[in-house]
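Here come two complexes built around subunit A, the first alongside subunit B, the second alongside subunit C.
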Partner chain A sequence: MSKQIIYGVFDDEEVLISSAKALRGQGVKIRDVFSPFPIHGLDPVIGIKPTRLSNAAFFYGMFGTSMAVLMTWYMMIHDWPMNVGGKPSFSWFQNMPAFIPVTFELTVFCAAHGMVLSYLLVNKIYPGRKAHNPDPRSTDDKFIMEIQTADNKKVAGSEIISVLRNTGAIEINQKEL
Partner chain B sequence: MNYTFTSKTKNICFILMGIGLLSLAGGFIADSHRAWPTLLHNAFFFMAIGLGALFFMAIQYAAEVGWSATVKRPMEAIASFLPYGAGIFGIVVIMSALHMNHIYHWADPAVTTEGSPEYDEIIAGKSAFLNPVFYIIRTVVYLAGWVLFYRAFMNRSEIERQGYDVKAWKKSQSLAAYFLVFFAVTSSTSSWDWIMSIDTHWFSTLFGWYTFAGFFVSALTIITLLVLHLKEKGLLPEVNDSHIHDLGKFMFAFSVFWTYLWFSQFMLIWYSNIPEEVTYYMDRFENYKFLFIFNLFLNFFFPFLVLMKRASKRNFALLKVVGVIILIGHWSDNFVMITPGVLKDHWHLGWVEIGTMLGFLGLFGFIVLKKLSSRPVDNPTHIFYEESVHHHI
Partner chain C sequence: MSNHSASVREPLILGDKTYHQITEDIAQPIEGKANGLFKILFTISALLALWGVACFAYTIGTGIGVWGLNKTVGWAWDITNFVWWVGIGHAGTLISAILLLFRQRWRMSINRSAEAMTIFAVICAALFPVMHMGRVWMAYWVLPLPNTFGSLWVNFNSPLLWDVFAISTYFTVSLVFWYTGLIPDFATIRDRQVKPRMKKIYSILSFGWSGSAKQWSRFEEVSLVLAGLSTPLVLSVHTIVSMDFATSVIPGWHTTIFPPYFVAGAIFSGFAMVLTLLIIMRKVLHLEDYITIAHVESMNKIIIITGSIVGVAYLTELFVSWYSGVEYEQYAFLNRATGPYWWSYWSMMTCNVITPQLFWFKKIRKSLLATFIISIFVNIGMWFERFVIIVTSLHRDYLPSSWTMFHPTFIDIGIFLGTIGIFFTLFLLFSRTFPVIALNELKTILKSTSENPKPPHH
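Up next is the complex of A and B:
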């Protein structure tokens, strides 16, 4: 059997969700759903794991904190100790309150930029990238579910199509890879 | 569904109140200099929790918040402590302003009388604002204003309870807007009067927000703990993980907000090192160092690191632990705000302070739970009820 992509087209997101539940109940793996707007509660239904972006953000933030501590220590204590307002200039810790704003800003800076860049990299979005949309109607009023037969060795393509048809897909398109 | 205030819970409240009365009476007999600031501290802490809950409720109206409709009854119950707290606190504060104790240095007539050996030029210069008559008028305006708004909110709540009625809700919304304006001014000025004026020479322009941040996060924590308790009893079946998550987020966010103000106040004064300002922190560093630093761990590092993860804001047991720690932290933060100006290095944190706190806790619990049991805890006529039931994040 050749590798196929099956597109189920829906005109209602509730119908799509119940159809996805039926498919998942039969062990079908759904590749993705294209939709004009975010569908609430869709992720767990089609088996998308919660994002790990927040964990990454924590480490970017920690990186920013460390960089800020290192920078303030090197600039203000080690390399060129400066007497600002009579504050002790030979110890990072005793001068720490003065460095907290810098540390805070760098933490936020690194966490925010790290998150944005990770997001773009993980989703392979870059300037000049062509839109990868199986059906332009998914940007208007249709919801499109993509299933690849290569992901579903145990369930036949014809069976997937019949489930889609029975659960309310208004149109089913197939594409050979 | 109704919350039943069992006699067992009532008895616990009465026992706590008894402990409180005994400790307070013992405190006054043993050392009234120590008992007065304790009374002021605890009366303020618990009254302000009621006020914070009322403020949070007003925000829900003003911002047309949908998700919180199912947790409105617990908020109202906590706000119901405000009239009682305001009564006790008002009496304490008015007695202090009349110089029946030594909490407010400026209340001593000798300090502002020229030629007297106690004469203090700086305080005399402030006496146009800090004099007993004007002070008592302001105190009465703040407390009476809040209590009147509380009663108006409860009346509106009864009207909303009659049935789904958008127009009635809109009227409550404009009431909330008026309250928020009144609260915005009075929450700041009241904290200058009641707490900042203890250290009479000292001043800080963001002291009002700092005080507000402290009692608001305490109120949010109490709301969360009460909602968790009711949820575990099965009385709030329409409250789901997302509501708890949102309450956890509020606890997290306002702990950070409190820290932001704490640090902004500290850093500017530390850096500029002006004698008039820096004395406030020198008192605290010399005699209260452990508590002062430890507060930052209880109120910032602990909630910040523990509540950062999404899963921990949905974990009931963890939220309870963090909640109790935040409450202890802000209670001791208020202690460090009030006591040093009165007792300097002669302070204690022992049976009088803890006992009085337990007594107020008993009174607070009794009034809140009594209010909670007086009406069904669900709120199906709220115009955002459906939205709240389907809240999902």
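Up next is the complex of A and C:
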């Protein structure tokens, strides 16, 4: 049996979800779905785990907080204590109220930028990268399900196609690998 | 199809729309030719911007002595304009971040252009403190860098330094938040281009986005966390701006009410500017079906709330200055209302406290013309608010021999008009090259909030 990719094209996201459920019910593995907007409720159906990007953001934020504490302590308390307006720099804790704004801003700065950089990295998107959506209509109004026969040894390609057709795909395209 | 909310709330998308029609409508200003009105507006804005650049150049070449500042009034139009522009920026973040957290779906047609407005307004704002440094080539001295005189650092006790951190964080985070949302929409524009040059440009701008399920799952997470981070950030920015004044010992500035009062004022003025821009934009770009009267009405309701908060803050300031028994404080407020700058105080009061109250009438709230006029009033009123706070507090010093008036020079005026030119030039360029509405996000609410939700045909 030759390896091929089957693309099921849908024009409604809810129809795609019910079709994906039917396919999963028969044990078909769905490689990916390309859509113009996020389809809510699709991830658990096609077996996508929740992203851990927000955990990463938390650690970037903590990094920002620590850097800010370290920087204000080093510059204002340790390296060159300044007596501004009769309020000398004794210890970091006593002078902390004045350092809160900068600490807060650096926390947000590191969390936001760190998260966005990680997002670009794990999504592999950057200027100059070629898009790999199978059909240009998938960023407009079509929802495209990608199934590879190599992933599905137990279910025949023709059977997958008939399920797709019966569950509302408006178009089915096949590509030999 | 789920159409549960359409009967309770007004539709947010008018007309018979399909997913494809939304793409067509939003791509049309990018792909079509500029009309005459656009060309006229662009020429005027670009000329104003050039005039501003000339005034900037003159200031840098000669020194800030070319401004109307004097020994007593050391801060005037420059800081007024700075606070005014930063404040205007706040509406964009409020719409895209706070309304996202509150799941307000009416934000979706307006968040993209409001965020663009935020970014352009913050660019205009940042020019003023930098110019006020005089020797702008030394602007990097505000960064915590070791210098050639030994390890003398920047002063972390100073609200002016907090401002450096706040504004730069705010600007960069707003920029990446905006761009993250733009990537999938650029991909939509890319995939419909036939001309190779356009395709090339939008394929670079879209970072090779393909819209796979995993990408969308991460996209949603990033949007949510960035909204969560931007919400306290936007509140902190104007809080810190207000501390530039509140931590000093100038009568009229030294008040604890400043942070919430400034934040409310910022949102108030920002929404006014959003309305000014969008009422024109929806007409010029034919987006009446997306930016509807319902959107305008929702924004007007926020103007009533924030305008009333600002009004209460004005009255509280008056009461506290009387109740405090501090004669300097009492004089500062008496002088604002009845002194030589009475006209600016009463312009502020009229524009900010009285005009927005007209929005209690549904007819006025739903009228585009009335909204447009009132939004201009609010823009003017909020500029006067900052002028009143800054100049009237300074021009009466503790020493009566130092009392003076502030007179702006034509350079002061030129720079201010120049930033308005820069702002509109950038916004007009944006409106013809970027998808001005978050079109893919809008498709997610099409079924539940359009006028005629169409079941797809099979």
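Basically, the second predicted complex is superposed on the first by the 173 of 177 C-alpha atoms of A that agree within 3 Å, B and C clash if a C-alpha of one lies under 4 Å from a C-alpha of the other, contacts with A are read in each partner's own complex, and residues count from 1 in each chain.
Convention: a contact is a pair of C-beta atoms (placed from the backbone, for glycine too) under 8 Å apart; a residue touches a chain by one contact, two chains touch by 3 or more.
What you see is a predicted model, and the numbers here were worked out from it, not measured in a lab.
Asks: Name the contact category of A:Ala98: first (subunit B only), second (subunit C only), both, or neither.
Replies: After superposition on chain A, A:Ala98 lies in contact with both partners, subunit B and subunit C.
Asks: Contacts for A:Met76 in the overlay, against subunit B (first) and subunit C (second): which applies, first, second, both or neither?
Replies: After superposition on chain A, A:Met76 lies in contact with subunit C alone.
Asks: Mind working out whether A:Phe34 is in touch with subunit B, subunit C, both or neither, as first, second, both or neither?
Replies: Second partner only.
Asks: For A:Gly86, select first, second, both or neither according to whether it touches subunit B, subunit C, the two together, or no partner.
Replies: first
Asks: Examine A:Ser54 and indicate which partner it touches, taking first as subunit B and second as subunit C; both and neither are also allowed.
Replies: The answer is both, since A:Ser54 touches subunit B and subunit C.
Asks: Quick one: is A:Pro127 in contact with subunit B, with subunit C, with both, or with neither? Answer first, second, both or neither.
Replies: Touch partner of A:Pro127: subunit C, not subunit B.
Asks: Counting residues of subunit A touched by each partner, does subunit B or subunit C come out ahead?
Replies: Between subunit B and subunit C, C touches the greater number of residues in subunit A.
Asks: Quick one: is A:His113 in contact with subunit B, with subunit C, with both, or with neither? Answer first, second, both or neither.
Replies: second
Asks: Considering only the touch criterion stated at the top, classify A:Tyr7 as touching first (subunit B), second (subunit C), both, or neither.
Replies: After superposition on chain A, A:Tyr7 lies in contact with neither partner.
Asks: Going by the contact definition given at the top, which residues of subunit A touch subunit B in one complex and subunit C in the other?
Replies: Subunit A residues touching both partners: 40, 50, 54, 85, 87, 98, 101.
Asks: Sort out for me which residues of subunit B touch subunit A in the complex.
Replies: Interface residues on the subunit B side: 263, 266-267, 270-273, 308-310, 392.
Asks: Can you list the subunit C residues touching subunit A in their complex?
Replies: 1, 18-20, 23, 144, 150-159, 161-162, 165-166, 168-169, 172-173, 176-177, 180, 183-184, 187-188, 190-192, 203-222, 224-226, 229-230, 232-233, 236, 240, 243, 440-441, 443-444, 456, 458
Asks: Quick one: which bits of subunit A touch subunit B in the complex? Just the residue numbers, please.
Replies: Going by the criterion above, the answer is residues 40-41, 50, 54, 58, 85-87, 97-98, 100-101.
Asks: State the interface residues of subunit A toward subunit C in the complex, per the touch definition above.
Replies: Residues 11-12, 14-15, 32-40, 42-43, 46, 48, 50-51, 53-54, 57, 71-72, 75-76, 79-80, 82, 84-85, 87, 95, 98-99, 101-102, 104-106, 108-109, 111-113, 115-116, 119-120, 122-133, 136-141, 168, 170.
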